[in-house]
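Take a look at the structures below.
Look at the two complexes coming up: chain A is in both, with chain B in one and chain C in the other.
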Partner chain A sequence: MVYAEILAGGTGSRMGNTEVPKQFMKLGSKPIIIHTIEQFVVHDKIDQIIVVVPKAWINNTKDLIKKYIYQAEYIAVIEGGPTRNESLVNGIEWIEQNNGINDEDIIVTHDAVRPFLSYRIIADNITAAQQYGAADTVIPAVDTIVMSKNNSEIFEIPIRGHMYQGQTPQSFNIKLFKQTYLKLTETEKEILTDAAKIMVIKDKVVKLVFGESYNIKVTTSYDLILANSILENLL
Partner chain B sequence: MVYAEILAGGTGSRMGNTEVPKQFMKLGSKPIIIHTIEQFVVHDKIDQIIVVVPKAWINNTKDLIKKYIYQAEYIAVIEGGPTRNESLVNGIEWIEQNNGINDEDIIVTHDAVRPFLSYRIIADNITAAQQYGAADTVIPAVDTIVMSKNNSEIFEIPIRGHMYQGQTPQSFNIKLFKQTYLKLTETEKEILTDAAKIMVIKDKVVKLVFGESYNIKVTTSYDLILANSILENLL
Partner chain C sequence: MINKRYRLIGKGNIKETFIEENVSTENILVRPTYLSICASDQRYYNFDRPPDVLQKKLPMALIHEAMGTVVYDPLQHVAVGQNVILVPLLQNVDDKIVAENYKTENFFRSSGYDGFLQDIVSQPRDRAVIIPNGLANETLAFTELMSVAVHSIKRFLAKSHSNRGILGIWGDGNLGFILTLLLKKMCPDSRVVVFGLTREKLNLFTFADDICLVSEVGNIRVDHAFECVGGNGSKYALNQIIDIINPEGCISLLGVSEDPPSVNTRLILEKGLLLVGNSRSSLSDYFTVLDLLRCNHDIIGYLQCLVSSVCRIRCVADIHFAFASDLTKEFGKTILKWEI
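This part shows the complex of A and B:
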């Protein structure tokens, strides 16, 4: 089985709008999260979609899916946890309770606020997770990356050709991810806010999958302007 | 003296248009490079502007400046070198020949294709270069930064709070930069394509100046769409 888990647990404080989380704001004619879900709905390799949202938004999300998406029956809407990784694990627990987990099962986890991922990116994630156990979507760093440890002076400027900007999806063999996550201490869980980093720290292979520059994360009002521009001009 | 050096030496092969270098493409009603030069023209702390372009574009650039910019007399247009750093050094040589270099003189170097820098960013660059000898404009990394040494698997995911995306301006005490640059071996000159990295490698302090997310570099057709959107919606 190949599962898609769309992570929409955040409440979007960065948008400067605390009433409507950013994933529910409109982009063109539809909420951002609907654009994102649609990319997985039209993908022939995805068997089940799990959407993780804040508790207060579960019913609203179900209504939106009914309103905008044909064939809504294989989309589950469940409650998120207090952190991104706990939300991710909630999705895995839903799978365990409803279907059980088989050795080959894959989960493709994706930010609800990255509505522009492509069919090709999803396909590459599935293939890489099946072959290597874990995959992370990246693009080569556009800018020079600078490191500072004191937020004041440059500590290092690493070789640009080695640096990438992380996007999502992040995809995992579910059993491997669960086993690795369960071995983390509570302190590690607090520090390791990035799911791919959990695998890297525990010496698992994480294969790079190449994203697209337009696969942006919509988290600020500025991003929303860019997203509308991408929708109108590039897609 | 405070000099601005606008680096437009590139021929823009990334834009998919080999005839007109990207800095000469139109953004709104004017070429990108004119937007950029204007930001320095209106700045009261800049004493002299030096624009570095490919040899074939010197006359055209002079014509554009006459056409679009009032008070063009303190803008010099000179020929670029084969690399970014050599173009930068050409500007310093122009200063040396025309005005000489004093201990306190500062050079604010900026990409011609970043038309949206602000008055505040230029002012902060000048102050930081005067106080610390070198400054680099950055924004905190928006995405998780991922490191791979083989373009295939993740090697490391550094702490996100330590990572920044480099922009320009990069600003220097001219004497300090020249002394440091002259000490580089030919091999170092080939490797150190970033001017701030020259200072870091040679253990000089490079102060961080905070840029803006909209201070983007326009190098692809996608960037040009975003740039037009920024121009229409944000400025």
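This part shows the complex of A and C:
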């Protein structure tokens, strides 16, 4: 089975004054989260979709899915955890309880606020996770990255050709991810905010999948303006 | 659903455009798998159409020949993973007398309406023709071209007199190749002779009864003829046909030319010739093509000779490469393997 897990646990603290979490704000004619779910609904390689949202937004999310998506029975909406990785693990636990986990099962995890991901990016993630066990979507860094450890002086300027910007999806063989995650200490779990990093520090191969510059994360008010301008509804 | 369409906005200039696609129960969603480039796409891509036409029709996604895989049916009538042929003609009005492909009110993809260069195509469910098991093959990307050939043969059979001993086909290009192949299947008792400019290309028409250089026609006479030349060559082909066709013969016109060709109307009148125009095809022609493929397993083998290259498309630059590469070829179809 290939699962998609859409992570919508955030409450939009970076979106300014809005009281609505960013994933529920409108892009074009629909909430951002619906656009993102639809990209997986129309992907023929995805067998089941799990949407992870804050507890208070579970009912609203279910209503929105029912309103906008036909044949939504195979979309589960569950409660997220306090951190991104815990939300991810909640999804895996849901799979374990409802379907069990087989050796070949893959999970494609994606930010609810990246609605512009393409069919090709999802397909490449699935293929890479099947072949390598883990995959991370990236685009080459355009700007020079400057590293500072004290927020005051440059510590290092890495070679730009070696730098990439992380996007999502991040995809994993579920069993491999779970085994690796269980090996983390509590301190490591607190520090590691990125699922791919969990695999890297435990010496697992993570294959790069090339994303797209359009695959933006709608996090700030500026991003929402940008996202609406990318979307052309003139037919 | 947010969909990406790859629209031509200027000469050789394709822009990725994000569109909010309506998912309705009338349509199904299809991921293109193999597409093929037609001469008309090249004319748009290279801005070889009159400026007023380009002004009216662009921006527009190109390509009207494609097959794909169903990725979503809101009604779950068509199985996900089903291979289909995408029909570019979208019916707006029905007419009991005039065929749908001649109704100007209907839409045709990549001619004023977005073609198949899209991540996902939202297609009316009756315009996605199911490919029977075992037939799926990259050559079905250009089923539309086969349907045009079939459409012209059906019209020829309906409108011409029944003396069909010798049928002539002018044009040694892709359309001439497909038309000859299918005509031999649909009119097996007729002798089919292909007339062309290039001996090397004519030699590929091994399934024809005879081939002939247009410079060496001698005393050959034909009962009926198909013109598949188009462009500047149309005039010469048509006048040669008029010269050597028998009285009351039917000339089926399929070649597209931007400039009106001057033809010998005096001889058309003297011989009482019938000129039949053909353009595009109707939905029923696709089913006829599939029936022919099912009953004649050799057709796909011959069609594979037409595939001059298969270009893997992962980004917009790959689309440009495919169009440039296609332009350098005198014969054969360029197939796009759609992985973008």
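Please note the rule applied: the second predicted complex is superposed on the first by the 230 of 235 C-alpha atoms of A that agree within 3 Å, B and C clash if a C-alpha of one lies under 4 Å from a C-alpha of the other, contacts with A are read in each partner's own complex, and residues count from 1 in each chain.
In the analysis below, a contact is a pair of C-beta atoms (placed from the backbone, for glycine too) under 8 Å apart; a residue touches a chain by one contact, two chains touch by 3 or more.
In this text, all values refer to a predicted model and were calculated from it rather than measured experimentally.
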item	value
Comparing the two partners chain B and chain C, which touches a greater set of residues in chain A	B
Contacts of A:145 with chain B and chain C, given as first, second, both or neither	first
Which of chain B and chain C A:81 touches, first, second, both or neither	neither
Partner chain(s) touched by A:166 [first = chain B, second = chain C, both, neither]	first
Contacts of A:214 with chain B and chain C, given as first, second, both or neither	both
Touching both chain C and chain B, counted on chain A across the two superposed complexes	214, 230, 233
For the chain A and chain C complex, residues of the former touching the latter	28-30, 35, 38-39, 41-44, 70-71, 115-116, 118-120, 123, 214, 230-233, 235
Chain A contact footprint on chain C (complex, rising order)	1-2, 4, 16-20, 23, 25, 29, 31, 69-72, 74-76, 80-81, 114, 119-120, 314, 339-340
Residue ranges of chain B touching chain A (in the complex, touch as defined)	132, 136, 138, 141-149, 151-158, 160, 162-167, 194, 196-197, 200, 205-208, 213-214, 217, 220, 222, 225-226, 228-230, 233-234
